[in-house]
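Two complexes are shown next, each including chain A; its partner changes from chain B in the first to chain C in the second.
Entry: the complex of A and B
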C-alpha cells in the first residue's frame, strides 16, 4: 500500500485524542477551580513556602498513583502498595544506618526486593489466577513480615545524602518533584511511543481484542504488577529522604489515596485505558485540597470527608459516561438473534 | 401422533384461542425487528414458528414473556387484553418459557435451581426432594438433586431448563430450539411430553429451524422473515417446498462485486479433517481469488470453526496455507480475525480509531521498539482512505462512528497487519446497506490479490451474493458443500433446515449415585473440615509449647476477639456472595464505636444507652443503603463505592473525636463479655447467627436469590430475581452484621477511638477467603467464615503466646490467606476442568 496524503480524514476534524480528553479535562478543570479558590480564600496555601513544603509529598503520591494506575488499567487492584513503600523506606534507612556510603547498595537491595515482590504478585494473579485483592492482601502481609524482620518496628534516622537527594532542590524545584516528573515522563513515553507500551495500553483497553490479534494478554497484565512495585520502591526511597525518622508503616496512608488518584484521573476500576498525566494532576489536586482545607482552618477529620466527597464526585462523573461492563453478558456470541440481549 | 389431537388443533375455533398477538411491532433503535405480526395460538395445539436467523422469532417470544415491550400492538390472553406484559404477569397467567440458553445458575445445586425459579406452592405438602425428583424424572434427567449445576452437560442443562418450564403446568409453553443440544432419546422423550401436554390442553409454541421437527410435532406453522409474518398454515396442508419458499427470498438491496472466474486456479488454503470444540471433521479448499462462505443455523459450530481458523481455539487436523502446514500458534499470527461482536472483541472503545487500526501492525512501524509516528499516521490514513472510512478525524473515538465505519476500522487493522488469511465472522452484522456493498468490495479485492477469505454469515442471501463456494454446517458437521451455480440462498437454507441429525450421545452423565461424602466435597461447606483440622492442630501445637495456650482465660480471650471479627466477616461474606465487596466494614465498625462512646457511658440513663445502640443500628442502615444505591443506581463499582465510603467514614470518626475518649459503660461491657465457662456467650450467639445464616442461604428463597445474583446476574434476572433489591438488601445485611461486630469491638476497646476498626476491612476479607468463599460471587458459607475468623485470631494469638516477633504475625497472616486462596482456586479449577 503506497502512503498517500491522508486528505479526507485529517482535515475533516482536528487531531485531538478524544479519549485522552475525557478524564483530563475534568481533573484539570477541578484543579484550576481549586487553585482559584486557594488564591481567593487561602492565599497562604499557594505561597511558595507552602508549595515547597507540600509538593514533595504530592510527588510521592503521584509516583505511587502511577504504579497503581498500571495495575488498575489492566483490570487489577494492588493492595500491596502499603507494604511495598514501607519496605523500601526501612531498607534504605536501616541498612545504611546513617552511613552515606551504604546508601547505594541499600537502594539496589530495595529495587531488587521490589522486583521480587512484583514478580510474586504477578505470578499469583497471572499464573495462579488468584483474585487480585486476595493475592495482594496476602503479599502485603508477607512484605510487612519483611519490614519487621529488617527494622524490628523501630524507626532509624535517614542518611544525610538521601535527605539531600530527596529533599534538595534543583533550580528552585524540589528534587522530589523532579523525580515525579521523570517517572511520569518515562511512563508516558513508554505508553505512547513504544510498541510494548502501545500493546500494554491495548491489552488494558480490551483484553478480548488483544487476544484476537495474538497478544499474550496475561503476560502484559503480569508486567503491570512488576512496574508498579518499582514505582512504589521509588516513592519509598523519596519518603525515606523527606522524613527524618520514618516509621515502619510509612506506606499505609498512601494505599487509599493511590486508588483515589487513579479513579480521579479517569481510569476505570474495571480496567481500560490508563491516564498517567491525569493521575499525576489528580495527585496534585488531592494534595492541594488538603492544603486548602488546612489553610482555611478545617480540621483533619473534615478534610478526609472532603476527600471522600471529591472521590465520590469524581467516580460519579466517570461512571455516568462509562457503560457498566459488569452487566455485560458473557461473550457467548452465537445467540440466536442479534437482539437477544435482555433489557434490564 | 393420535389423530384426535390433530383434529382439535386443525378445527380449532376462535373460542379456544389462548393467546392472541395483534399487529405487534418492535424496533431496536432504528432497526425494525418485528413489523405488524398478528398470530393466534390455540389450546391443545403445537404451533411451530419457523424462520431464518434474525427473522424475529426470539424477539416475538420475549414480547410474549414480557421481557421486551412491543413498540406497537396488543397482546390478549384468554380474550383479555394485557396492557403491559411483564415477566411476573406472564408467569401468573401460566406462560412458561424454556430459553435456548438455559437460565441455570452454575453455583447452585440442581434442586436449588428448581426451587429458586419456581413458586413455593409447588413444593408444599411433600418433601422438596420428592417434588424435585419427580420434575427431573418427567424429563428423563437422571442426576443427583444435590449435584452442582456446573457439573451438568449442555444437554442436561437444557433438560433442566425444560423441567422448570413444565413444572408450573403452563397454559402456554414456549420452547425455544429445545432440541439443539439433545440426542435422539431425549428428543423422543421431549416430544412425548409435548404430546401429553397438548392432549391436556396446553398451547405449545415451538421455535425451530428444522423442518423435520415441524412435521414431527407441530399442527400449525407460522413463518417469519425479516420481522414480518410470511404465512401461516396447517402443517398437513403445506409442502416442504412451500415452507422453504416462505423462509427464503429476502430482499437484500445491496450489490455484490462480480465473483471469481472458476478456471483452474491453484488452491492456496486447504483444510483437512479439522475437529475442535463444537465442530468435527471439516474439510474444504479455497482457490486463489475465491471467497469461501460458512453457513448454517446459528449455533451449529460455525463461530467455533471461525475462531479455530483464526488460531483462537484449539483444533486437530491439518491446515495448509500457500504450501506450508501451520500449527494453531502459527495460524494465530498469520490470520486476521474480524469478530462478529465488534463491541466486545473487534474494537477497544478506550482507544482512538488510529490506535485501533494500527494495533496489529505496530512492530511494522517501529524501529528499536519505538513507533515511528509519521509512518503510522501515513499508513493508517492511507488505509482509511482506501477503505473510505468516514470519521470525524483519525483520532476519533470508535463510538462516534457508524456500524459500517467501525467495521471498516476492524478491516483496516486486518489489512495493515498484512495477513496470510482473513477470517470474517458476520462481517456485515449491524452494518447499513450502503456500507455492506463496500465491505463486499473490499473482501473481494483482498481475495483477488491472493489472500484467502473465509466468511461466516447467518444471512444465506449474503453468502449467495458474495461467495464462490459455501459449506453448510449442522451440529458441527459439513452437511453440504455448494460451489458455482449451486451457491444460492434456497440451496443453502434447504441444506441447513433439512438436516435432521441429532446431537451425538455425549452424555457424560453425572454418575447417578454418588456417595454423600463426594457430594459434601463439592459443596460450599467443604472447607469447614480442613479448617477445623488446622484449628485443632494449631491449638494442640500451642498447648505442647505452652500449656497456658489452651487455658480457659486464653481460649475465652481468643474467642472474644474472633467474635468481633466473625460478625464483621459475615457481613463481608454477604457482599462477596453477591459478587461485590465491602471495603467500608472496618471504618464503619470504628465509626459505630465512636458514636456509641457518646451515649453508652458510665452514669448515663438506660434510655441514653438504648439510644446509643439505636444510633449504631441507624448508622448501619444508612451506610448499607448508600452503598447499595451507589452501586446499583449511580453505576459505581462495588470497590469504588465502598472505598469512598471507607474514606468518608474515617473522616466522620475523626470529626466526632480527635483522639480516644468517652469510656464505655462498664456494666454494658460486662454484659457483652459475659462468659459461660471458657466460652463467651457472645461467641455462642455468633455461632447461632452463623447457623441461622447458613439455613437462610441453603434452604430459603432469600439465600438462593442472593447466591443466584452472585452466580450470574443475567440468569438471575431471567428467573425473576430483583437484582437491585438483592444488592441493597445485601449491603444492608453487610452493614448490620458489622453493627453486631461493632458492639463486640466496643466492649473490647472500651473507649471511642477514631483510629480503631479500620484494620477489620482487610482482616474480614482474609477470614472470608479462609472460609472458602469465592470472590467471584455465588459460592460461600457463613460457617466457614466464622471458622476463618477463629483461625486467624488463633494464629495471631499463638504468635504472641509463643513469644515470636511481630514479623511472624504478618508472615503467618499472609501465608495463611495465600495458601488458602491457592488451594481453593486449584481445587475449583480442577473440578471445573473434569466435572
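Entry: the complex of A and C
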C-alpha cells in the first residue's frame, strides 16, 4: 500500500509542447556560443592538448551530475556526493597501497560501500520520509567518518594500473571520457527505453498519480539514491586514477557543480523528467568555462564571478515563461531531444 | 572521528615516548627540556594530508625527547575553524600546560589562543601567521621563512637560465600568504628578464591535485614557452606533469618543495624529458620541531632555542647534485618527505598506520 503523495505542482493546463526540450536548446546554444568565444578570444583553450587535459575532469563531473540528476528527478537532493566520491577515492588508493593486484578487490569494496550508502540514503528518504537534504547531509558526515577511519584522512598514491585505466586514452580519446560516455549511454537507455525508466520518470513527475496507477513509488525513489551512489563511486575511482596523489576530500569541490549541471541541463528541481544528455553537455560547458577563464588569464576573483554569472543565467533562463501557443498536447516521445517541456 | 584520531595519535605518542624512555635512559636530555613536568598538546587546523601526518609524528617525536613531558595529546580541526577553536579552548580547559598550534584559519583562532594564554598555558602558534603579539596574545610565534624559499628558487632559476625566461608560479588558495611571500622572495632575485606568465600573483590551485592538473593544462596550451615551473607543493605536480606529454613537449625545469613521489617521478622521467631539471627545498615538516622546542622550553623551564624562525634548507638539485642529488625510495610510500629529520621508514609507519 503506497501512502498518499502530495499533489504535483504542475497543472495540466500549463503543459505545452515544443520541438526540443528547452533545457537542451539552452545548454547546447550556450556551449556553442562559449566555444565560439573560446575560438576568438582564447584559442588555446580549445586546442587538442588543452582538451585532452581538461576533458577527463569534465567527464568526472558529468558522471557525478548524472547521479545527482537521478535524485533530483525524484524531487530530492543528494548532498552525500562529496562523501561518496571521497570514500571511493580513499578506498581504491588505500587498500591496494600501490599494488596493482589489489586494485580489483579494492574497487569491489568501493562499489559495495557505495551500495550500502545508497541503501542507507534511500531508507532514510524513501522509507522514513526524512527531508532529502537533511538525510543526505547526515549520511555525508557518516561517510567522512568512514573516510577518516580507513585512511586517517590521507589516501595513498594511486596504483600504476589505475592511473593507466583512468588517465590513458583509447584511439586518442581519454578513457575517462569513454567511461562517461558509457555511463551516459546506460542512464539514457534505461531512462528512455525501458519500462522501468519510464516509470521512474513518471514517479518523479507525479508521485501521487504514479501511486494511483499502482506504481511502487517508494521503491523507485529509493532506487535513485542507490544508482546515484554507484555513479559517484565510478567518479571517485576515476579521480583517484587521474590525480595520482589525491587528497581525502576530493569530492568536496564537486558538490555544487553536480547540482549546477543538473539545473543547467534543464531538469526541474521539483522532480520529473530527466535530461541526461543535457546534463553531460552542461558538464562540458562548465569545464570549458573554467578553461576559458584560465586561458584568458583573468584573476581568480573574476573567474569565480564569471562562473557564478553563467550559472545564474543558466538557471534564470529556465524560469522564464514562454507564451503558450499550443493548446493541445503533442504525442509524448521518449527521446530527450524531442520531449515536451513543462513550464510551470 | 576525533576520538579515533586522538586515540591513534596518543598511542603513537605513547609508543614514541616509551621508546624514548626505554632506549634513551642515558641519552642526553636536550637543553630546551627543563626540569619542571608539563603536559603538551599539538593542535592541527587541518590534519588531512600526508605532510600533516609526518609533521604530527615529527612533533610527537620531538616532544618524546624530553622526559619532563608527562602527557602528549593531539587534536585535528579537520579544516573546520569552529572545531579548531573549540579544540584549543578544550585543551586549555583540561589544564594542558603547553599548546603548539598550527593555526590554519589564521587570525580567526587568535581569540582562542589569547584566552588559553590568559589562562596560564604556554601557547606557541607556528607556520601560519595568526596576527596578535608575542608575550601579549601568545608565548611565541615560530614562523617559517617562505621568503627564503622564494630566494632559493630565484637563485637556482638564475643559475640555470642566466638570460631570463618564462616562469609559471603555482600556489595554493587565492591570496594565501605563503604564496605571496615566496613571490616576494623570487622577485628579490629575478629581474625583468624573467617573465611570470601566470595571473598575478600566482596561479591558484588550492593545492588540490585535480585543480592543479586543470590549471596546468590550460597554461601549457596557452604558453608555447614555459622555461620553469615553480610550485610550493611539489607532490601535487606529479599527476599533472604528464600533461606535457599530451602536447609533445618536454617537462621543463621545476623549482619546488620535496616529496618522495616527486623524486621518483623525476628518476623515471628525466631521461625522456631533456629539459626536466629539479630543484627542491625541504617541505618544512621540521618547522614543528622548533615550535615544540619553544613550547617545551617555556613550559618546563628549559633553555629557549636560539632559532626564532624556521628556515627550510635547500634539499635536492639535479643539476649540481648539491646539497643532495634527487632522492627516491621506491620501497617507501610516495607520500613521505625525505628532507625531514624523521627517517623515511618511520615516516612510512606514520603515513601507513
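What we mean here is this: the second predicted complex is superposed on the first by the 299 of 344 C-alpha atoms of A that agree within 3 Å, B and C clash if a C-alpha of one lies under 4 Å from a C-alpha of the other, contacts with A are read in each partner's own complex, and residues count from 1 in each chain.
We adopt the following convention: a residue touches a chain if its C-beta (ideal position, glycine included) is under 8 Å from a C-beta of that chain, and two chains touch if they have at least 3 such contacts.
What you see is a predicted model; the values in this text were computed from it and never measured.
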{"item": "Which superposed partner A:243 touches (first chain B, second chain C, both, neither)", "value": "second"}
{"item": "Which superposed partner A:182 touches (first chain B, second chain C, both, neither)", "value": "neither"}
{"item": "If touched residues of chain A are counted for chain B and for chain C, the larger one", "value": "B"}
{"item": "First (chain B), second (chain C), both or neither touched by A:25", "value": "neither"}
{"item": "Which superposed partner A:152 touches (first chain B, second chain C, both, neither)", "value": "both"}
{"item": "Touched partner set for A:54, first chain B, second chain C, both or neither", "value": "second"}
{"item": "Touching partner for A:104 - first (chain B), second (chain C), both, neither", "value": "neither"}
{"item": "First, second, both or neither for A:144, with chain B first and chain C second", "value": "both"}
{"item": "Which of chain B and chain C A:301 touches, first, second, both or neither", "value": "both"}
{"item": "Common ground on chain A, meaning residues reached by chain C in one complex and by chain B in the other", "value": "144-145, 148-149, 152-153, 299-301"}
{"item": "Interfacial residue positions of chain A with respect to chain C in the complex", "value": "42, 44-45, 47, 49-50, 52-54, 57, 97-98, 144-145, 148-149, 152-154, 156-157, 167, 239, 242-250, 253, 290-291, 294-295, 297-301"}
{"item": "Residue ranges of chain C touching chain A (in the complex, touch as defined)", "value": "1, 4-5, 8, 47-50, 52-53, 76, 78-79, 174, 199-200, 203-204, 208-211, 213-222, 235-236, 238-239, 242-243, 246-247, 261, 333-335, 351-353"}
{"item": "Touching residues on chain A, where the partner in the complex is chain B", "value": "1-4, 6-10, 12-19, 77, 79, 124, 128-131, 133-135, 137-149, 152-153, 193-196, 198-199, 201-202, 204-206, 208-214, 256, 259-260, 263, 269-270, 272-273, 299-309, 311-312, 315-316, 319-320, 322, 324, 326-329, 331-340, 342-344"}
{"item": "Of all residues in chain B, those that touch chain A in their complex", "value": "28, 31, 33, 53-59, 62, 67-68, 100-101, 176-177, 298-299, 302-303, 310-312, 332-333, 336-337, 339-341, 344-352, 355, 359-360, 362-363, 366, 369-371, 373, 375, 377-386, 389, 391-397, 400, 413, 415, 417, 425, 429-430, 581, 630, 634-637, 639-641, 643-648, 650-656, 658, 713-714, 717-718, 723, 754, 762, 765-766, 769, 775-776, 805-811, 813-815, 817-818, 821-822, 825-826, 829"}
